[in-house]
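Two complexes are shown next, each including chain A; its partner changes from chain B in the first to chain C in the second.
And then the complex of A and B:
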């Protein structure tokens, strides 16, 4: 693993129960890079994200985060290495907005948490005025923004997101993309599993999953000129 | 005057019922474990308090605190032992039900073998012997003492949950365990501590329960578990603050029924439970959150 690679998957096989969903995935992500994992429903995107963060166990293969083999580590140990994960739910609905954000920095020094909280409220001012409100009282779009804010609280080296657009209206998808654009780069790698191609606006590289296997991996411009896009998302056979 | 008496007694007993039930809700909230041995832990706390009073002349009000550390430790160890099988189970709630039913039976059998099956009581003089006059009525002083003990003990649990980092982590797990792990919380460790805290507070209420229940006997566990379950469902499952409301509602319902229709007194609180389940299944303090 070279210095720039922050996440590497080698021959990863994983799934639910006895049945594999991912069949030998190889993938790497470098520092500063935004990788969008595209795929239709059931292709294996969420399985891949859950396997990376440790929610699903590996059946075989290896996962390395910042040079460390994390294949046998539990979720919280992987997070400790500098990973933040935003699930489809993204927030704790029964906790307040502020509590959600503070929990995002669970293993961060107490003195830094207040500073980060103000930074995040600066980034998402609409959350600041409602800091005491329950996260569950927010609209779907606001929850996603809170989820992004929560994930950023730990100042992660790798930010992993599972379908940030799910359940959102097109207007809110634009807002989420715009907020993510403001945090791309800056020494942070981002991995976004999506089926909404609008997220290609953010990507440096694209990985397409079809039937639990990588069917395309390359730069965004390469991807836009390939038939994979048409096959995977518009049902057009090349 | 009798009405006022029932209201005051209902609130005093209600606070006690809240104290009696809060550990069950804490344990349920964190890992969806239905602790059917809850009442047996209260019973063991009662026997410990009885033993400490008669052997070491220790006031039950001190025993309220003395029984906590061993119960926390026992809870931590039990959780570590059962957490693995539960996390691998396809239906962890059902498995927990069976597991803790077994633990309940074992605890009752052990206490019966060691101490016999006679009821034992603590004299109210162990804490206060004189009655307390309030709004022109005399109440047993021990009711006031137990209610006054319940309030700070419930307060301690609320402080733990809302003002400590560990408590916030506990509430995060109650909200969503996977999401909690994803912010770096060691879910199994925090759950084990919370299970210990839940058992600690439950053993603690046992130390004063004989004053409110007339004594302590090895077979009381089942009834106390059912009572506590009714209180937490009325208040709101998984909502700790709801337990306080549920306890007071239960206490008031019981006392008012005993005053006006005493022959129905064992029925009404549970009828109330059914009513709450039909009208507001999430409990009196159950909150509705936006679905998106």
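And then the complex of A and C:
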């Protein structure tokens, strides 16, 4: 593995119970890179994300994070390596905004946590004024922003997101995208599983999952020129 | 305008910093925790001057400590430990046997009792894999098994079997009272410290959703184990204090399931997850029990059963929750009237 690769999946087979959903996925992500995983409902995007972070066990194959084989590691150990994960739900509704953020930096030194909090509040000023409010009192869009903030609190090397657009109005999707754009690159790899093609604005590379297999992998510009795929997956006229 | 942040102010002038620290201390949460710690400790320190039944006062302190232990394990992790009394009994026996066999001072023996319970909790960590009622039943069975083991006549040479313990030689009413006050303060302090620490935050997150908590980097098994061991140690210390207070007891007295039930009811009634709740619960209900329950205990068992059901199902935040809701409503009304 060369130094720039931060996440590598080799021949990954995984699924729920006996039945595999992913049939031999090969994929790698380098630092600074933003990879968007596209696919229709049920294609295996979430399964792939869950397998990477360890929520689902690996049936066969290998996953490496920052050069370390994590195939047998528990979730929190993988997170400790420098991974942050933002689920569809994202935040703990019964904890306050500030508590959610502090939890995002659970394994970070205390002195750093205060600095990071201010950084995140600088990035999302609307959260700052309500730091003591329960996360459950936020709107869906604000919750996503909090989820992003929470994920950034640990200053991760790899930021993994599962459907950041789910349940959001198009306007808020734009806002989430623009806040994500301000944090792309900067030595941090991002992996975003999405159905919403607007997220291609952020991506350097695209991976399309179909029936549990990678059916396309390449740069965003290559993908944009592949009209067949456009029509097949998203009904967009090229 | 934005309020000054922690960093701005701490970096500021010394006077400003002093004012900041003072303001922090006066915050409602801090005041509540400080009073929650000071009021019971001061009140129980002076209570013998006004009320002569020291055994009752010590029992009440023991129950506050046990209710705070339940607060740690149930209030923060959601595990309802019906067999909590097992740790209490083991603590009482650990303390007594340390006095009888190791000939150590009772204060040290009590610490040993607490340690023995904590070690037992470590051994029993696989129980934490169970959830809900399975956990409750498994802990209950464990407590019964411990009782059967300790009260076994063939262990007479070690535990005195069913014939009970006699440590009358070290009896000291003043000594055990002081230790009980220390136990009381320690149990409340533990809850305050855990609630404010990262551990407390992690436990609340785990209670919310264990998978999401581990996705934030929280080691779910380790943090749960910490709470479990701390709660067991509190019960062990409480058992030790009881042993030194009463000095002569049968195994059935320290493995009585109703001790678990009482501790749970007191914690639930007052409100778990708060500092004050278990204190209020233990003082009010145990006071009531001592006042009229001793003559007609059967009604109390019935009433306590009903309280468990009602509070678990409908009032999980207890009296403290009701008080908070009332305060919030009153505030909202004031805001509306002002508007």
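Here is the rule we use: the second predicted complex is superposed on the first by the 229 of 238 C-alpha atoms of A that agree within 3 Å, B and C clash if a C-alpha of one lies under 4 Å from a C-alpha of the other, contacts with A are read in each partner's own complex, and residues count from 1 in each chain.
Everything that follows uses one rule, which is that a contact is a pair of C-beta atoms (placed from the backbone, for glycine too) under 8 Å apart; a residue touches a chain by one contact, two chains touch by 3 or more.
The model shown is predicted, which means the values in this text are computed figures rather than measured ones.
Undergrad: Looking at the superposed three-chain arrangement on chain A, would you call chain B and chain C a clash or a fit?
TA: clash
Undergrad: Quick check for you: in the superposed arrangement, does A:67 touch first (chain B), second (chain C), both or neither?
TA: Once the two structures are laid over each other on A, A:67 reaches no partner at all.
Undergrad: Is A:42 in contact with chain B, with chain C, with both, or with neither (first, second, both, neither)?
TA: neither
Undergrad: Go through the superposed model and pick first if A:139 touches only chain B, second if only chain C, both, or neither.
TA: In the superposition, A:139 contacts chain B only.
Undergrad: A:107 contacts which: chain B (first), chain C (second), both, neither?
TA: both
Undergrad: What is the contact status of A:115 with respect to chain B (first) and chain C (second): first, second, both, or neither?
TA: After superposition on chain A, A:115 lies in contact with chain C alone.
Undergrad: Now for A:75: first (chain B), second (chain C), both, or neither, which partner does it touch?
TA: So A:75 meets both chain B and chain C here.
Undergrad: Contacts for A:167 in the overlay, against chain B (first) and chain C (second): which applies, first, second, both or neither?
TA: In the superposition, A:167 contacts chain B only.
Undergrad: Compare chain B and chain C by how many residues of chain A each one touches, and report the one with more.
TA: Of chain B and chain C, the partner in contact with more residues of chain A is B.
Undergrad: Identify which of the listed stretches of chain C (5-13, 221-229 or 329-337) has C-alpha atoms clashing with chain B after the superposition.
TA: 221-229
Undergrad: For chain A, what residues appear in both contact lists, the one with chain B and the one with chain C?
TA: On chain A, the residues that contact chain B in one structure and chain C in the other are 53, 55, 74-76, 79-80, 85, 87, 89, 92-95, 99, 102-104, 106-107, 150, 154.
Undergrad: Chain A touches which residues of chain C in the complex?
TA: 2, 5-7, 198, 201-202, 204-205, 208-209, 211-220
Undergrad: In their shared complex, at which residues does chain A touch chain B?
TA: Going through chain A, the ones touching chain B are 53-55, 74-76, 79-80, 84-85, 87, 89-95, 99, 102-104, 106-107, 134, 136-140, 143, 150, 154, 167.
Undergrad: Sort out for me which residues of chain B touch chain A in the complex.
TA: Those residues of chain B that touch chain A are 165, 168-169, 171-172, 174-176, 178-187, 287, 289-290, 292.
Undergrad: If we count contacts the way the header does, which residues on chain A are in touch with chain C in the complex?
TA: Against chain C, the touching part of chain A is residues 53, 55, 74-76, 79-80, 85, 87, 89, 92-95, 99, 102-104, 106-107, 114-115, 118, 128-129, 150, 154.
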